[in-house]
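So that you can tell them apart, the chains are marked A, B, C and D in the order they are listed, and the count of residues begins at 1 in each.
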Amino acid sequence: MSIRIGILTSGGDCPGLNAAIRGVARAAYQTLDAEIVGIRAGYRGLIDGDYQVMQQSQFSGILTMGGTILGTSRTPFRNMRVVEEDNVDKVHAMKMNYRAMRLDCLVTLGGNGTHKTANLLAKEGLNVIGLPKTIDNDIFGTDFTFGFHTAVDIATDVIDRIHTTAASHSRCMVIEIMGNKAGWLTLYAGLAGGADVILLPEIPYDINKVARVIDERARLNKNFTIIAVAEGAITVEEAAMKRKEREAAQKEYEFRHVSQRVAAALERLTGVESRTVIPGHMQRGGSPCAYDRVLSTQFGVHAARLIKEGRFGLTVALKNGTIGENKLSDVAGVPKPVNPEDQVVKAARDINVSFGD
Amino acid sequence: MSIRIGILTSGGDCPGLNAAIRGVARAAYQTLDAEIVGIRAGYRGLIDGDYQVMQQSQFSGILTMGGTILGTSRTPFRNMRVVEEDNVDKVHAMKMNYRAMRLDCLVTLGGNGTHKTANLLAKEGLNVIGLPKTIDNDIFGTDFTFGFHTAVDIATDVIDRIHTTAASHSRCMVIEIMGNKAGWLTLYAGLAGGADVILLPEIPYDINKVARVIDERARLNKNFTIIAVAEGAITVEEAAMKRKEREAAQKEYEFRHVSQRVAAALERLTGVESRTVIPGHMQRGGSPCAYDRVLSTQFGVHAARLIKEGRFGLTVALKNGTIGENKLSDVAGVPKPVNPEDQVVKAARDINVSFGD
Amino acid sequence: MSIRIGILTSGGDCPGLNAAIRGVARAAYQTLDAEIVGIRAGYRGLIDGDYQVMQQSQFSGILTMGGTILGTSRTPFRNMRVVEEDNVDKVHAMKMNYRAMRLDCLVTLGGNGTHKTANLLAKEGLNVIGLPKTIDNDIFGTDFTFGFHTAVDIATDVIDRIHTTAASHSRCMVIEIMGNKAGWLTLYAGLAGGADVILLPEIPYDINKVARVIDERARLNKNFTIIAVAEGAITVEEAAMKRKEREAAQKEYEFRHVSQRVAAALERLTGVESRTVIPGHMQRGGSPCAYDRVLSTQFGVHAARLIKEGRFGLTVALKNGTIGENKLSDVAGVPKPVNPEDQVVKAARDINVSFGD
Amino acid sequence: MSIRIGILTSGGDCPGLNAAIRGVARAAYQTLDAEIVGIRAGYRGLIDGDYQVMQQSQFSGILTMGGTILGTSRTPFRNMRVVEEDNVDKVHAMKMNYRAMRLDCLVTLGGNGTHKTANLLAKEGLNVIGLPKTIDNDIFGTDFTFGFHTAVDIATDVIDRIHTTAASHSRCMVIEIMGNKAGWLTLYAGLAGGADVILLPEIPYDINKVARVIDERARLNKNFTIIAVAEGAITVEEAAMKRKEREAAQKEYEFRHVSQRVAAALERLTGVESRTVIPGHMQRGGSPCAYDRVLSTQFGVHAARLIKEGRFGLTVALKNGTIGENKLSDVAGVPKPVNPEDQVVKAARDINVSFGD
């Protein structure tokens, strides 16, 4: 008798989702007597019973495609911390539909929110396997998530293009890179793009120290400065505030984008013309890079292997370069911020990149 | 006796400047007994007598490089319309240095401001030839300027990447494309990127009509809308104001970027989540595309031909697909806005792209 | 009553086919009361009556896709010059199916072979409109075909990458670019990529003159040479042969690829290590560049306009930069080789590019 | 007193060399009182005493550049295994020049040949540190070499473009990817590009089994097949021969390229039209990808750290995701072929990719 595998993608879209779906499906068809059930728009489809039994041909030609053929939606719970009545109803609905769809197991592709829900369902007795996707690279227990390296490529290309114009116009250019809580993307793209300053959520910055970098470069006849700033970068002053207090303060800003605040402050402090670039959502769009296609495929295949072995309550991971898995309960809800002592941070410091601290 | 050719690049940087410089130089060395004098940082170098006699090897390997090996600066005059004393002094300085450098002629690469100054110098008796560069494509008398198609490629790539994420999140995405006075770049990139709405400086928009496009698409189950808006796009209301009045009004805006104003208004009118992408200066950076390399080279070579033939006071142009030239006096100060009846606008309208009018 | 429009793509695949199909369809739906009939795999589908009535949604999201959603096949006739019985039968079948499908007109997208057949059908009384696609740019009466500039971009990128390795290894690199009868692609990519030598079918080369370029560069301490050679490039000796004689001779060659013959001869003549790169079919794959998307869309829209105006027996064209049309009978069977006096050839010669002649 | 660091690049060129050089230099200037001596054209410059003391500014702007600013050459020894008189003389010359240049240590960037020579010099008492570069990824003891992921990106892009044309023409496309001894590049690009068959030097193939894949796909109405073949892929029959015997046989082939042999054989066996694409040296050209820029920088910085700590006779490595080092004597001369049990091979097999075995 065939194994019936449900699959869904949840949370923000991300390059490599389709490649990972294809990996699960092709490996399942090849190594198991499998039937794949595509659940639409993330957990919402599981709650509403919105699904279709997939044909093998539906997984053809999707390796290179951005987005997700299954659709996605944000986490189904308004507040994961409080198990309100509403949440209880939703969990119940998901359990009922899991059975109604006659699933033997469920593969969920997503980020931190997705993993929390996956863990919840596993605790309720469903056979769940997670796959870690996000351009933020902030899922605990895996070297890299898929989608991350594609986003690094895109953000690096932006910085590359800015270099020419920065140099010829003697400007300070501030490039705002995605990442509200984790600065991995800004760190890697900043280093790859040759940024002079990298500002991360994990390392609060002093704007005066950033201004000093510009002044110092001017003294060395370097007429331009490139600053890579994460969306969630904060000043030393903001870091001292409580979260709510900080968020309230930020709402009052004239400029909603951190890059605009940084540029305005630097122009005031140094007198150097400062401009912003905000590539925004283009960082999560388009075809996955080769690295992410290989990683997504390996992750998908590994999920199929775990299913074959009857091992559930796990999430697939790259651990010191080797594909493996972690317990969902060990990963769900655990953040993975940039460690200020991380080897990439230290390499950047050694070549005189400033973190504004 | 050899011909001594001065060359300078002026105004905003632009892909293809180095390719055009190389075209002038290689053709001059090949077809004339030429010596090339590189003037630094645009007209400023001519005013200050800052130059070097170039070696042939300095033009090797620059075909693919962004920026300009000669450096650039903005137009040397604070106000071109009034010939103030300061201007007179600068023009005098340029004439003196032209002679001090023993130039037989001067090739100036730049946009509208550059052409005005070139025309001024030509009237003063200098042998001047212009080359039309700008990503805005707004120089009168040429089918295309070099730099334009590269910028179209970059902006189109941004829109491409946005499509995936717009679709998967059911959003309205507003992409702000360079172009304060002319909308060519937004028009071409918008059409190439499959934008649903294109907003140009030349065609004032009614935000309610834009909102209606979103509603109409929703009715057809199209859950996302892509809007390409030029930096200088204006509403019907703004178009009715005088320029100074409008600029004063725009300074008061909470949002400095037009895309932010458009997105905020649409979110209010339609209830659809709306986000902005502001690629900014990345649109003028990096290596020129193949089209621009060919065009820049042809332009540069044609300048050398005009020099050989002793024809000056001209600017090189692509006229109905053929390389030719125009009189500087016919081009200087003449804008080239998008004609609302342009064939590309009409093609866009025929496939149901809205211009918000 | 609605107009019923048949559409087919024929000949080799080419970037921009889907963009042009979309242009026809969206403009027809928007400006006419149209119904679109998609004919499968080119004329073969017309002969076999293999078609489907398209839904409007099938034209969504195809602007950026390579290939053709309708499928393609080579020209249906073994020998277009002789109207054999077989041909007569096929033409008869196409006329019958045109009526059976209740078409009001037929839009054919293709190259020279496609246009010949389109003209044949027009003579038989069908309402036919052609659209000129090919990466070879060799269709008479249009400035450019769509697909050409995308292929130029790809081939230029190949040459760019080769530069680094050529320089660091002091090699002669021979890059073979598509184009059996017409050298446009090699000419543009060669010039854009900074090739030192460009060998075209239209300008027979003398291998000794090519060798002399390598020697001359060595004298100037330029340690590498880049040669762009069209698939169909021929030597002066081959040019003197009759076609059959030449083809027989070429079959005997140890090396089937012209680049391999050139590289082997140059290594023998100069002693400089010579290597080949044969990118082949990658030059016709992938998403169309922005230029081709705009051009394809304009072409498609113009076809819809001609339908609206009831004008047939025409093929759409870009004429001196303006979208227009030519008579099918004026275009069918007329080649468009590179004129050795073409402005791009002359520009290349002026910057010291050798054509080996 | 300052530390004097010699640096050279040796062997085939590779993306990331300049990024790594910059990493060494910037970290050395930043963390040590260093002087950098650039040795020209690899070991040849050490033998001939061809070098220059570098200025700090020479390391600016090179992060993104392909090739190497120092130049390169192949390994200086005709036969590393036999220490002939000629070799002895060369080693002696290198030692003498190391002293004449007053070097405190020498950093060598290269592949397997470079590491052998580095080890030889270390045994002679010089302070040597190696950096592992190669697109082949075949250096023992490091997860990845720099240059590899860039080459994977390029080769994957080639396969992507081929997909469209393969599908529309119902062809078998054979793409020949660099790698004579190691198949890593073909393995990763093949998997990332969605190849149906991957042929590697490490897994001898049976052409009949490859033909069967094509037949099997035809049965499933998949009208095209993509084959990624490494330059050094061999048949089961060739694998049974001795190396010299095999090389003699291969010289006799009508087709010098393995892809041409494979395509011809498959066309004969299956009747399906088969074509080759040979991207060749474009796989090692151009700007390094973001991954390689980060890795190269980390490697360069780590070399500076080892110098600071006075630790020599080592080569930098990525070990299970962490930057570290190995003994030169443990790495030199040790190959790193693809293990047929490698996790990527197994993932590929699980999604039904054939290795022809």
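Details
The rule is short, and it goes like this: a residue touches a chain if its C-beta (ideal position, glycine included) is under 8 Å from a C-beta of that chain, and two chains touch if they have at least 3 such contacts.
These figures come from a predicted structure and were not determined experimentally.
Contact with chain B and chain C alike is made by no chain in this entry. Centre-to-centre, using mean CA coordinates, chain A is 42 Å away from chain C.
One inter-chain figure worth recording: chain A and chain D are separated by 31 Å, centre to centre, where each centre is the mean of the chain's CA atoms. Put simply, the C-alpha centre of chain A and that of chain B have 36 angstrom between them. In chain A, the residues touching two or more other chains are 160, 163. Viewed as a contact network, the protein chains form a single closed ring in which every chain touches exactly two others.
Those residues of chain A whose C-beta lies close enough to touch chain D in the complex are 22-23, 26-27, 30-31, 60, 63-64, 143, 149, 152-153, 156, 160, 163, 188-189, 191-194, 222, 287, 289-291, 293-294, 297-298, 301-302, 304-305, 320-323, 343-344, 346-348, 350-352. Contact residues of chain D toward chain C in the complex are 12-13, 66-68, 71-72, 154, 158, 160-169, 173, 254-256, 260, 275-286.
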